[in-house]
Amino acid sequence: MMQQALIPVFALLCSMLAAAIIFTLPEERQRLRTVINLLAALIKVALVGVMTWGVLNERDYGLSYEILPGVSFVLQADALAMMFAGLSAVLWLLTTIYAVGYLEGSPNRSRFFGFFSLCVASTMGIALAGNLFTFFLFYEMLTLSTYPLVVHRGTDKALRAGRNYIMYTLSGGAALLLGIIWLQGLVGDISFQETGQLKDVDENLHLPLMLVFGLLVAGLGVKAALFPLHGWLPQAMVAPAPVSALLHAVAVVKAGAFGIVRVVYDLYGIEFATLLGVLEPLGWLAAFTIVYGSVRALSQSDLKRRLAYSTVSQVSYIVLGAAVFGPVGTVGGLVHLLHQGIMKITLFFCAGNYAETLGIHKVQELNGAGRRMPLTSAAFTLAAFGMIGAPPLAGFVTKWTLGSGALNVGMEWVVAVLLISSMLNAAYFLPVIHRLWFLSEYEWSYQRRWGRLETHSWLLWPPLVTASLTLLAGLFAVLPFSPLSWAELIAAREYLP
Amino acid sequence: MSTPLLYALTGAVLWGIGLMGLIGLRHLLRKLLALNLIGSATFLILVGLAQHHNGPDPVPQALVLTGIVVSIAATALGVVLIRRYFHLTGRTELESEVPEAGRDEEGHSG
Amino acid sequence: MSNWLMAGLLFTPLALATVSLLLGFRQGRALSWLGMLLQLLVSVGLWWLVRHEGGFYYTLAGWDAPLGIELRVDGLVVTFLLLTTLVASGCGIHAGFYLEPDRPWQRYFWPLYWFLWAGLNTVWMGGDLFNLYVGLELITLSAVGLVALGGQAEALRAALRYLLAALLGSLAYLLGVALVYGQFGTLSLADVAGQVRVSEHALLMRPALVLMLVGLALKTALFPLHGWLPPAHGIAKSPVSALLSALVVKASFYIAARVWLEAGVAVASQWMAQLLGVLGAVAIIWGSWLALCQPRLKQVVAYSSVAQIGYLFLLFPLTFGVEASVSLHAQQGITLQVISHALAKAAMFLAAGNLILAVGSNRVEALAGVSHFLPFSLFSFGLAGVSLMGLPPSGGFAAKWMLLQASMASGQWWWIMVLAGGGLLSAAYVFRIYKASFLERDEQDHFYHPDRRLEVAAMLLALASLGVGVSGSQVLSVMAMPFEEVQ
Amino acid sequence: MRSPAARIGMLLLALMLTALLGRSVWQLSMLEPASDLPRQLQDKLAASGVEHPVTAVLLNFRSYDTLLEIAVLVIAAMAGISMARTRSLEDPELRTSDTLLRALLRWLVPLMLLLAGYLLWAGADRPGGAFQAGAMLAATGVLMRLTGLPLDFLRPGILLRIGLVLGFALFLLVGLASAIAGDVFLAYPREFVKGLILSIETLLTLSIGMILLALFVAAPVNDASEPEEGEK
Amino acid sequence: MVEILLDLLLALALILTAAAALLSQDLFRAIVVFIAFGLLMAVCWVRLQAPDIALAEAAIGAGLTGVLLLDAVSHFRRGRGTDSVVEEERG
């Protein structure tokens, strides 16, 4: 029993420990650093696997410890937690491999990988947090540990982006903190629980609870890049590619979206939230962000910027799913947490490869890159089609479930939003794909040879793996342990019987 | 009105004078002087008020003895610091905007 | 057992001060290691004792209060004693390797350091108003001596300004004590607290209370009486700045808080409490803003102290006229703030000293590129900054959390705004330093590498400030230990 | 010069303070006496080992205050001599050649020393004691210095420093000894109390005299200065 | 009656010397007045039946503090280079 409660702690500690060791390593101990990184990532994947198996069998991995009078530090592993934990564990492994290849020979790697590990530890903590207090703890830790990654290059531009990032996220954190404190004042120290904790509160608390909801969403919405709080995200793409991948697919943006999901389902409870009437505005906000992000993406000539606006749009699918009442809609939102992760990380990996190998940053420089880098471009294409929502890829599963869930509860406008967004997605991704494969080669000023392969092998394998995951997640959506069936498991537990 | 009370009230007046001197005067030695005045005023109030009630009271008297020693220590430390400060800068005032003539203490007393 | 421990606690710093005055810097340093170890043993022993058996009064010289002087040893006191040991040892170790041992005047560092320590211990335990005054003067004079030690004109100017302000503050406090003695005929704080609650003329204590609080606020550098602090803390040697910011200003605040909680709340008025809170709030905002504008690294840290001290003064409104549970929350929050700020600020000053040593300049811009040469000290600086910003998982966060809860529960929502805004402003000045250090410049390539031991001292303190954040409940539980009232 | 507005503000502040303070003192004087501290003191005076109540308070009942107060003095002295960086503390400018004055001093100095001794001895049952005696010693020293008599023992060396802390160290050791004997810190054993107080006072007198004198003499005259931190 | 009058006079003298010590244009004179203030304080203490303090005040408060300050003033004047003032100070 005791060992069982310690598994979440170990899952947290293994990357923190890795961070501590890496910080103290001298810069030139490259091999040892890589070994520690990969070892920690593998252990984490294993631990998360064990916990996932346990959660499926309804085992309880709870740990509670009073950190301040009246406030506890709670870790718990439930189905939703495992979904996010699994995503971050697997993608961390891949991103680590990618980052080792990407940063080969560049300065400050001890610092980079140290904060990288801390960042993933915080993500794991966010996933496993059992109450808002613990969630906030790791949420702010994430903010702090990503700042050095964003400004890693130390250029003026990076520092400016870092300043904006920190301004946005800390203000968001302050709003979140106020919400948490207020909530605590109203109902005491409550933990997350499936189907929510607030359904039985007194009638006259409804108004304050609505305001608290607003504060919480505002706080979380900064990281989730909800309009109009998304300003930091496109700027933050000056960070190195693995950091962008992490920011957009695994850690920061996801932490915000995951937090909103947690608040809606496990704190307020979807029924109670619907009763309060707070979901509808949230849905509209998400829908607007989806369209807005896509429209802005259209006009971006910088590849990573275009991808960043695409993230603004795509993450809001998750929020939209949370705002749609009914199990099917919930599944649609939750499954996108995973799907968006693997698709977007593929795109950023590929963008990084283009930049490293051919020095490509602008969209028009991609002309003909498909012939020079066929594998990378294939992965990019696959993920882009996934984003557009073409069957049988992961994105299609999301949009289909989300759409049918909305139709079930009579929210036809959601389907309209989905259609518009898909068309816009197509409008900004298809030209890129067209350039990749069908236009004549651009005169790249900078070309790097990596022997037989089109690029460094550590840079090549991660996007290929994630791209095939995109395909598999769509093809085998009905199998057990696929993202879809896991999301269905969560949804089944989130609704009152 | 008893004698001790009279001196306690005198102490109150001296506090006012001393405070005004401390804030208003610029020369560091004068500030130190004002602080000493304030100290004496405090001691007067301490002993005066207590003895108004109790008659001769050795406890506050002992406290004042301690207080006097503490204040000579502080004054002496202050004088040492002021002298060295003067030695290094030629100034006898804290304000940095005062020009070099600041070492002339007659110029800005009162 | 308690007699031995108490004797050790009182004797060690004074004896160390005496003996080290007769030695040179190096021998004094060697002896001081021993003294720190002794203090650590003694304070841990006392902490353990109080944790298991509760607090007690210690009658010095064998005479009971009010004739004699009684020291009060309870959970809060032993916590502060332990805190003092940790912080002062950290600063002492740092100073031992930071100061140049061959300067003739450095031999006076250790005696001053130990006298300062003795004064701090006296203040934490003091239960006698006049004894507290003497303790304060002991602290003030040794602190001024440390600031001025071997100093240049600027240091002397700062020391003088500090001396004048601190003396005025002490005298105002002493005047308050004189009035209290005139009213109640006792100097024992416990007696005063008892009489205030039964006397029908208790309200006449108000002027005395105001005088004490104003005097102590001046010594604590509460806005707008903070003018002396930034020069003194900014110009002193880094380990000295660390001691001053971490512990010395806390001593006068501690007395103010003790007087307030034991006697003040019974006679004060709402506007006094709110006024102190408002001044604290202005200090938070204004101090943080000024910290943001400073061109010199240590000035940034010093102004940050002005801001952080502001938080302490929220104690007054949050404990006046509120329910007991709210007041308890506020007290716990302030205690955590004192502890975590002490650890974090000491770590920050020590780390700042290392950074200055490394880049050879006190200017913030000079830090460019230092992040890959001195990540260890920079990291300590960063961790300490986390606590100052009030971000989790740090003691600063725990403190802020408790204060937010208390403000919420007492309905004084305006402090919530201050707490939130202050956190963001402090983030602004802390990140300004990070930003400067992350900037990559090609020409900056060689930095001086300071002694590893200097970095370790800063690091340990910074880690401790985080540790407070995750063990807040344990820290606070000792303070809840029963205390036998001796009548 | 301050602006007129500032001056008026200061004046008002001081007036207000005086008025409030005066009112408070007046009000407090109307109260019934609250304390029986003097009576308690009388009751316990016999046990204190000295007959003079002020000395009893200073060196027995509130001896911790006195201990710390000496510490404050030592600090001031230390800070003083830390600033003096010349080998000799004598001031050649002050050396007098006035023979009459010298002759006068030859009488005056021993007389003052005698007076100091008397004050010290009287402290036990009459007004007087270590502080007054110490101050008298210091005054003698000041006189000697102002007239240029040599004060060789005041060189900033180990001897001076030993002299500064001698009284304090004895005080401290007595405190420790009583603690080691199992009692509280600073509690004198009943049977030695008078002797202990007297010996503490004697050494304190010496130390206080030296401290005050050192403070007076330690005029900083030198050019040594250290660069500011980080500006090397 | 006579005693009260004496006390009143003494109190008045204290206040006047205090004010004079702070307001005096000449620093040297200010300190001399301050020494006078200290001696008056000593008399006060006698009136308050505190001979111990009276002794200490006369020796420390007035005597030593005064000498310290006077010495400092003479130091400042020497720094300015007027030797005549040194003579004045000794007198």
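Per-chain residue numbering starts at 1, and chain names A, B, C, D and E are given in the order in which the chains are listed.
As a working rule, contacts are C-beta pairs under 8 Å (C-beta built on N, C-alpha and C of every residue); 3 or more make two chains touch, one makes a residue touch a chain.
Small disclaimer: the values here were computed from a predicted structure and weren't measured.
Note: the chain lying farthest from subunit C is A, by mean C-alpha position. Per-pair tallies of C-beta contacts place C-D first. Averaging Cα coordinates per chain and for the whole protein, the chain whose average falls nearest the overall one is C.
Chain centres were defined as the mean of their Cα atoms; on that basis the chain farthest from subunit D turns out to be A. The distance from the centre of subunit A to the centre of subunit E, each centre being the mean of the chain's C-alpha atoms, comes to 78 Å. Averaging C-alpha coordinates per chain places the centre of subunit B 17 Å away from that of subunit D. For the pair subunit A and subunit C, the distance between C-alpha centroids works out to 42 Å.
Separation between the centroids of subunit C and subunit D, computed from CA atoms only, is 29 Å.
Among all residues of subunit D, those that touch two or more other chains are 21, 25, 28-29, 31, 33-35, 37, 41, 54, 62, 65, 69, 72, 75-76, 79, 83, 131, 212, 215-216, 219, 225.
Contact with two or more other chains is made by residues 67, 130, 134, 137, 141, 144-145, 148, 152-153, 175, 179, 181-182, 185 of subunit C.
In subunit B, the residues touching two or more other chains are 8-9, 13, 15, 17, 19-20, 32, 45, 48-50, 52-54, 56, 59, 61, 63, 65-66, 68-70, 72-74, 76-77, 79, 81-84, 87-88.
Here, these are the chain pairs in contact: A-C, B-C, B-D, B-E, C-D, D-E.
Touching subunit B in their complex are the following residues of subunit D: 1-2, 7, 10-11, 13-15, 17-18, 21-22, 25-26, 28-29, 31, 33-35, 37-38, 41, 53-54, 56-58, 62, 65-66, 69, 72-73, 75-77, 79-80, 83, 131, 208, 212, 215-216, 218-222, 225.
Taken in their complex, subunit E has these residues touching subunit B: 3-4, 7-8, 11, 14-15, 18-19, 21-27, 30-31, 34, 37-38, 41, 44-45, 47-50, 52-53, 56-57, 60-61, 64-65, 68-69, 71-73, 75-76, 79-80. Listed in rising order, the residues of subunit D touching subunit C in the complex are 20-21, 23-25, 27-29, 31, 33-37, 40-41, 44, 60-65, 67-69, 71-72, 74-76, 78-79, 81-83, 85, 158, 161-162, 164-165, 168-169, 172, 175-176, 179-180, 182-188, 225-232. By the touch rule above, subunit E contacts subunit D in their complex via residues 51-52, 54-56, 59-60, 63-64, 67-68, 71, 75, 78, 86, 90. On the side of subunit C, the complex with subunit B involves touching residues 67, 130, 134, 137, 140-141, 144-145, 148, 152-153, 156-157, 159-161, 163-164, 167-168, 171, 174-175, 177-179, 181-182, 185, 187.
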